[in-house]
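Common to both upcoming complexes is chain A, partnered first by chain B, then by chain C.
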Partner chain A sequence: MSAALEATGLGVRYRRTWVLRDCSLSLPTGRVAALVGPNGAGKTTLMHAAVGLLRPALGSVRVAGEAAFVAQDKPLYESFTVAEMLAFGRRMNRRWDDAAAADRLAALGIPLRRKVGRLSGGQQAQVAVTLALAGLPDLLMLDEPLANLDPLARHDVMRSIMAEVAERRLTVLLSSHVVSDLEETCDWLVVLNAGRLQVSGDIEELLDGHLVVTGPDDAPIAGAQVVSASRTGRQVGMLVRGAPPLDPRWQARSPGLEELVMGYLRSPDSAALPKLTGVGA
Partner chain B sequence: MIEFNLDRGSGVSTYLQLVHQVKQALRLGVLRPGDQLPTAREVVESLAINPNTVLKAYRELEREGLVEGRPGMGTFVRQGIAGATLAEHTRLRRDLEAWVRDARAAGLDQEDLRALFTVALADAAKEGVA
Partner chain C sequence: MIWVTWRQHRAQILVTAAFLALLGMLLLGSAVEAIRYMSEHAPPGCPGPAVACGDLAAALGRRYDAVYSVFGWMPLVAPALIGAFWGAPLLGREYERGTHRLAWTQSVPVGRWLAVKLSILGAAVVAGGLLLSLMVSLWRPVFRSGADSTFGNIGVFNMVGVDPAAWWLYAFALGTAAGTLFRRTLPAMALVVAGVAVTMFTLFRLSDYYAEPARTELSGSVVLDDQDARLVSAAWVEPSGREVADPSDSGCPRRVDAGQSNRNTEAWQACLFGKGYRYAVYYHPPARFWRFQWTEAGILTLASAALGGLAVRSTLRRPG
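On to the complex of A and B.
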């Protein structure tokens, strides 16, 4: 399994504050990965480091092949027409598929002669994604691509991206702090919290590997790692990792993606990371 | 051709919803042997879901022998689901509707009906009928 993005001991510092520390992760090729975490967790910093917009203080991050990055404040020139944006992209990129970009915009009904500043937010997002895809990247990184978009525009943007994933071997990393936006589209989860990596793994395996259990406070739970727990009177609710032999007094079920993310974010010291067992593992 | 739709609040995983919808279409004769299923790209373009989810659903259907993937061509229906014909479906549904009316007249509400039906299904499963 080759990695589209690999970070090893990555640390980034702004002046004296560490915004990302000891971050080691490997994102397999062809995955659609959700990068989630609260504001200020280091999501944007990780992406910036990956495309070389900033230099890490420690460790390294490597992208296999070409990476495209769409920043949160859609990097478009408002006074340009859509056609001029395309021409600009053509000149700025080594690889460029002009026909695919034009087809995509036509299919979306976005007129080439319209000024970017006069497009709707959803259309601007589509133009930014189209430009990023026209460069035929191996890794597409999108920082909060759905922020400020209405539900219909969000659906349309995700449709565009998913169609491209279906078409060729593209890896996607997209950040969001709204987990429900990502439930249907992502198959890999990366959780960052306060500059530290908490979770990195296949979403299905993660959901299968965790349980939400509720039961009396005095019933023991062994053989599982408690990710987070909340107590109300004599009852305790927990997110656990692993498959513990359950006391019959416990009720257990599988977590949803949002529950899993919340469980980890509430306990910054918990982590679900693949064991780094070295070469050949 | 079948058109998929998703019930996002149902709690049923997306890939299972796709599997169920294909099976339902086979039962109702909407899909017949030789028919092609939409490509992953087509499904993804209408539903905005991960293409791997579609492929997983198709693999499951293939494993059950209902469809087959032909390299470079697509996924095709191999066989219908053996079971009741459309006419039998209509007849059974009419019987069930009569039963529902009967039960309502006897004072049962929707929840009672569901519970009763679930119990009957479970009993049948125990006897190895369903």
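On to the complex of A and C.
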């Protein structure tokens, strides 16, 4: 399994503050990966380092093939018409599928002669995504693609991306601080917390490999690898990795994606990283 | 990339071109009108130094001044505008709008993106400056044959030769560098305006030292007969040959002039000349026109290269 994105010991700092520390990550080709974490976790920094918008202080990050990036505020030249934005993309990229881009915009009902600044937020997001896809990237990175969009526009944008994924071998990495946005579409999970990588893995395997167990707070937890625990009254809820505790008073069930992510975010010292990328983590 | 540069900066390019075209038409119209006036009203042998030519010279002077007052501010304002509208937005606006994250994540590397923009826009700015210089140089002789002042008048000096191009290029580079510094257009524009004004003042002060001043000793008058020379300094020379700033022990009475009159000063000067004093003048003769042009253009071009390098370096080093 080749990697579409590979980071090794990546460290980025702004002045004296490290915003990304010792981050080693390998994203397999063809995956749709969710990059989640609270605000300020380093999601944007990781993407900026990957597309070369900033230079890491330590380590390296490498993209196999062409990368396309849609920044958080979906920047476009507002005085350009949609057609001129396409011309911009055509002239700034080695690979370019003009027909596909025009078709996509036509299907979305976005007129080519309209000024970008006069499009709605959702339409601008669609133009930005269309531009990114028209460059026929091997890796598409979207920073908070769904922020500031209404539910309908969110759905449309995600559908555009997923249609492209279905058509060709495209790896997608999209960040969000809202896990529920990504639950249906992603098959790989990357969790960043306070500049450190906590989780990187196949979502199905992660869900299968974890359990949510609840029981009385005096029950022994022997036999279980606890990721995090939270107490409510005399009850304890825990996210455990692998087998549940031996004591029969514990009740186990499978976690949801959000529970899994929250479990890790609550205890920054826990990590679920494959051996391959866990070097030094 | 060339199309992208054109599309993003065409407003500045078109406005500048339109402005130069308008100025060109104004100058052409003014020159044609002046030539027609001369052919109808000039006495034989004019224009020239003859007394009969005085009226014609005055009439031409009025025409010249009327047009000159329209664009006489250009040596200072034109570079400031170029820097503010060509230079400052080049990177400042991209940072401000976040579009640098769009432009710099395409296949074209940042270095090439910047190199193409800087070279195309820089070349256009230089061409614009040279065009201005050419137009002014063609227009002025129509009015000022014989009595030229392209050297002594610093305002005119900065509008002819290669200097306008150098000034425009400098302002453009300054604006570009300011744009990367502030990452905002408006503060960068303000810095350009201030920077151009300060640079112009500094170079004006500095220009005395572009060459060793020529020295000449006058007797009978304190006015150099070459009107186009640049005066650097002057001093009185005692009969013994010693230069003094203030000949206080000459024995000539010096009374204070009242109002507009300088009768007393002239009497004092005549007295000094009568006692064998001479007046030493240090100046740059107009023959040094090109030497000064190239010196100033050289300084500005070097500064432009340094500022451009600064902009490139900060763009490549810490984008984001």
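Definition applied: the second predicted complex is superposed on the first by the 273 of 281 C-alpha atoms of A that agree within 3 Å, B and C clash if a C-alpha of one lies under 4 Å from a C-alpha of the other, contacts with A are read in each partner's own complex, and residues count from 1 in each chain.
In this section, a residue touches a chain if its C-beta (ideal position, glycine included) is under 8 Å from a C-beta of that chain, and two chains touch if they have at least 3 such contacts.
The model shown is predicted, which means the values in this text are computed figures rather than measured ones.
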Which superposed partner A:M92 touches (first chain B, second chain C, both, neither): second
Most chain A residues touched (candidates chain B, chain C): C
First (chain B), second (chain C), both or neither touched by A:V32: first
Partner chain in contact with A:T185 - chain B first, chain C second, else both or neither: first
First (chain B), second (chain C), both or neither touched by A:A252: neither
Footprint overlap on chain A, comparing chain B with chain C: none
Of all residues in chain C, those that touch chain A in their complex: 1, 3-4, 7-8, 97-108, 110, 317-320
For the chain B and chain A complex, residues of the former touching the latter: 6, 8, 14, 39-41, 44-54
Residues of chain A that touch chain C when the two form their complex: 48, 51-55, 66-69, 71, 73, 75-78, 80, 84, 87-89, 91-95, 128, 131, 135
In the complex, chain A residues that touch chain B: 32, 155-156, 158-159, 162-163, 165-167, 184-187
